[in-house]
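Written below as structure tokens is the structure these notes are about.
Residue numbering begins at 1 within each chain, and the chains themselves are lettered A, B and C in the order written.
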Amino acid sequence: MTETTLDAAGRPLAAETSTRAAPAGYWRGVARRLRYDYVTLLFIALIAAIALAAIFAPLIAPFDPYKSSMIYRLKPIGYRGFLLGTDELGRDMLSRLTYGGRSSLMMGLTPVILATAIGGSLGLVAGYLGGWVNALIMRTMDVFYAFPSVLLAVAISGTLGGGVVNGLIALTLVFIPPLCRVAEGATTQIRDRDFVEAARASGASATSIIFYHVLRNVSAPVLIYASSLISVSILLAAGLSFLGLGVEPPTADWGLMLSTLRQSIYVQPLICALPGLAIFIVSLSFNLVSDGLRQAMDVRS
Amino acid sequence: MRSDIAFSPTAPADPRDRGGSAQPMLIVEHLQKYFPIRGGVLSRKVAVARAVDDVSFSVSKGETLGIVGESGCGKSTLARLIMCLLPLDRGSIVFDGDPVGGQRGLSLRELRRNLQIVFQDSDSSLNPRLPIQASVAYGPRVHGMRGAAAHKLARDLLQRVGLAPDLFGARYPHELSGGQKQRVNIARALALNPRALILDEAVSALDKSVEAQVLNLLRELKSQFNLTYIFISHDLNVVQYISDRVLVMYLGQVVEIGDVEAIFARPKHPYTRALLDSRLGLDPDHRVDTAPLAGDPPNPINPPPGCRFSSRCPFAEPLCTAQAPGLLGGHGSAAHFAACHMADPGSGHSHAGEAPPSLAQPAADGTRAGS
Amino acid sequence: MWYYAARRVLLAIPIALGVTVICFCLVYLAPGDPVQTLLPPDATQADVAYLKKVYGFDKPIPVQYAKWLGRAVTGDLGTSIQTNQPVLREVLRALSHTLVLSIGAVLVAYPLALALGTLAAFTIGRPPDRLATAISVFGVSIPNYWLGIVLIIVFAVKLGALPVAGMGPNGSDSFDITRWAQFRYVILPVVTTACVPLGIIMRTTRSAVAEVLSQEFIQTLRAKGLRRGAVLRHAVRNALPQMLAVMGLQFGYLVGGSILTETIFTWPGTGLLLSKSILTRDIPMLQGAMLVLALCFVGINLAVDLLQTAVDPRIKRA
């Protein structure tokens, strides 16, 4: 997608002599490419809508998500104003799904953000310093890599016990090693470039080089990778709640709702499938947006 | 074995001058860098590559010292050692009379303010995520200049290297050609107002026409900024064009050093002779049919014993593998040193005291001079 | 090549040791006194004293680790709080059940993923590629625990065609996959399990083969007039190491990450074992299962690496 400037006679001008002012920076280029990616835009809008609904749940939800009723247990979709029916305790499904987005999105996003900060910094340091610091950090990460992510998350939060905080700790620990690896790989590549050597030759300190030169180049691949982990994190977080770890009842959470409604598949199969559908839609959206971002941020395209 | 010959100083007095005009800008002595070669299942050190082995020379103020040699002879390692980008194994560096490093010597920061480097790979030398004026302004900012002043300086320097700041300043490296990028790198190196520049194959990757433009730019800048150059290249023509003196390296060692006229007209070392002979002549009547230098340079991990060139030298004798020749100033010009037994009349070599004849063809000198 | 292989095996040893350290630390992660953690709540004072002495809980932690590692190496992973059975025996039996699912999922997902992924790489931007890409995005986005529930709703609850849960009508002891009455039980869990590797392997195959196809030597082959089949063979051979890597990794995830699917289908594998031991806070069992699964994962990764060495001519020569 290169812009071609034409001269008065309609011939394309060579880039060297073109007079276009202020060429676009990297992030501006990314934004420009995203503007024409309608699929990604659509799913960004979808995520925004779900997030807004979750944030403003008290304004949107038609009922109190925690008010149970023995009379209205497991009512079908559309029953007496319950647009999406009721759950096994007679609570309004639509309200619970709206509120559930809070917990599910938070449990999905927080570990990725924390792990990006921690794992990214570790990788940056390991990659830039190299030597034994690199060996120490990366070999430790290798050990965490030796556990399948589900197993590690389950084992850590299983041992620590249920609860949101323990779930967040477990998920963050799961995502630190892969992010650290990506950051380390990118940093190692950048470190060998001559401009880093030139920066050293101009007398700059390691901190200055890392923050001014390296971070600028490493942030894109790390962010692309982190964005692809959001979907995984949401699936895993809901999975933990589904197993009885992470979020505890009666909190409205999609994974937890799926788990408790499982007992009722013979009575209201459709309603039982709803929380899972919500997880699926959000996970799918994040996956597609991440793919779109990757394409927009890939300089080669 | 110092070759601190009094070079007639052409440079006018500089307020930054500390040691006086007779004090060489740079003296390096006995520089040594061995790289460990790791291998085996447990990554043990199995060998060392002798990248730079006991190299000494000096550069006078205002002169251009050309350093030539085949790829892999240690030229770039030498450049990085002088810049203190790599730790030295042994040796000392003296910049304008001040020893570098140590408690009382010149700090690394001070050295790097006064000595800058331009690398070969113009693309890799610029941060792809920074507009070029920010890349140029970075050095002064590191040394405490305020943002606006550094910005102004950067734009001024871009103008000086032939890039209109309004047009190019905000551009990113991928929007520039190779020659333009190298101009930016030169501007970046000049941004700290250094007294000497190391140009490590700085024009080698450029097209011939662009190369000529950049060389002329370097010449202009040299007088404008009162600079001293260390010009590293594998291209003899370029070195001959720009240098006052020339240093020839082979496998991490200095084999010959002298004035550019002396080196090109009367080489004393068979390696220099062979390098000169391997240049392509412009005269079709003087074809070079056989390569004067056969094979690849030997491995720096296991250099040949004695004289390192002995394995490829047509004049090699048992003496050459038994004993390494010293870098001696022989007969003729006092400024001309060579590390060859042939250049030492008392060495016992059967050709001792003779200049190595051209191997490719007779009377090659006349056709090549002034290329 | 042997040299490289030996190096890889040696590198796996510290990783395996690190794995044991993490598993050992689990006991200390658990809230409360580690001695209490390893014993049933109704343990007597004498039991506690005995365990303290035998496990060396009064000694410094490195000594405790050494003792624990020594026992683990000889196959003693402690005793389950719930069943009072040796942990290793229970874990190994469960592992064999998990392998039924994992291998089943491999048989379903891998051929399909390879075929669709290659097809997509040859038809980039055209309908077959779009379809394959859509399938792979769905595969990696769908929560497999939810997919399992949906499949149960459709095939067991609505259609009544397949069983809801368990491993055969009489449990796992008489399990024989060659008999239809028991094979029926495998179908839904295997389909559920196969979803994620299907998506990931398809995506990797597509990009790996497409990458090879874009290289110049393929253009040369086409210019020489090679038939499509021959071009395909070249492309696949060159993409093989990368594909092997991801297939191996996915197999490791299948074996080690089966907890959610097994919980849904009450499939008596390691996943269900883990899930149960978490609910009952059976820490010795959790620790043992985790150790065995992680070591399996390390072993699988090592095997894949060695296999990759064997098929990659660039490494083979070194």
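Definition applied: a contact is a pair of C-beta atoms (placed from the backbone, for glycine too) under 8 Å apart; a residue touches a chain by one contact, two chains touch by 3 or more.
From a predicted model like this one, the values you see are computed outputs, not experimental measurements.
**Q** If you tally contacts for every chain pair, which pair is highest?
**A** Most contacting pair of chains: A-C.
**Q** Per-chain Cα mean versus the mean over all protein Cα atoms: which chain has them closest together?
**A** Minimum centroid-to-centroid distance belongs to A.
**Q** From the C-alpha centre of chain A to that of chain C, how far is it in Å?
**A** 24
**Q** Between chain A and chain B, tell me the centre distance in angstrom, where each centre is the average of that chain's C-alpha atoms.
**A** Computed value for the inter-centroid distance: 51 Å.
**Q** Using mean CA coordinates as chain centres, what's the chain B-chain C distance in Å?
**A** Whole-Å distance between the two chain centres: 57.
**Q** Can you list the chain A residues touching chain B in their complex?
**A** So the residues of chain A in touch with chain B come to 15-16, 19, 21-23, 25-26, 193-195, 197-205, 208, 212-213, 216-217, 299.
**Q** Taking the complex as given, what residues does chain C use to touch chain A?
**A** My answer: residues 14-16, 18-19, 21-22, 26-27, 29-31, 137-138, 140-143, 145-147, 149-150, 152-153, 157-158, 252-253, 255-257, 259-260, 263-264, 274-275, 277-279, 283, 286, 290, 293-294, 297-298, 301.
**Q** Under the touch definition given earlier, write down the residues of chain B that touch chain A in their complex.
**A** 80, 83, 85, 108-109, 112-113, 116-117, 119, 121, 124-131, 135, 138-139, 142-143, 167, 170-172, 174-175, 177, 180, 185, 188-189, 191-192
**Q** Spell out the residues on chain A that touch chain C in their complex, using ranges where they run on.
**A** On the chain A side, the touching residues are 139-140, 142-144, 146-151, 154-156, 158-161, 231, 235, 238-239, 242-245, 258, 262, 265-266, 269, 272-273, 275-277, 279-280, 283-284, 287-288, 291.
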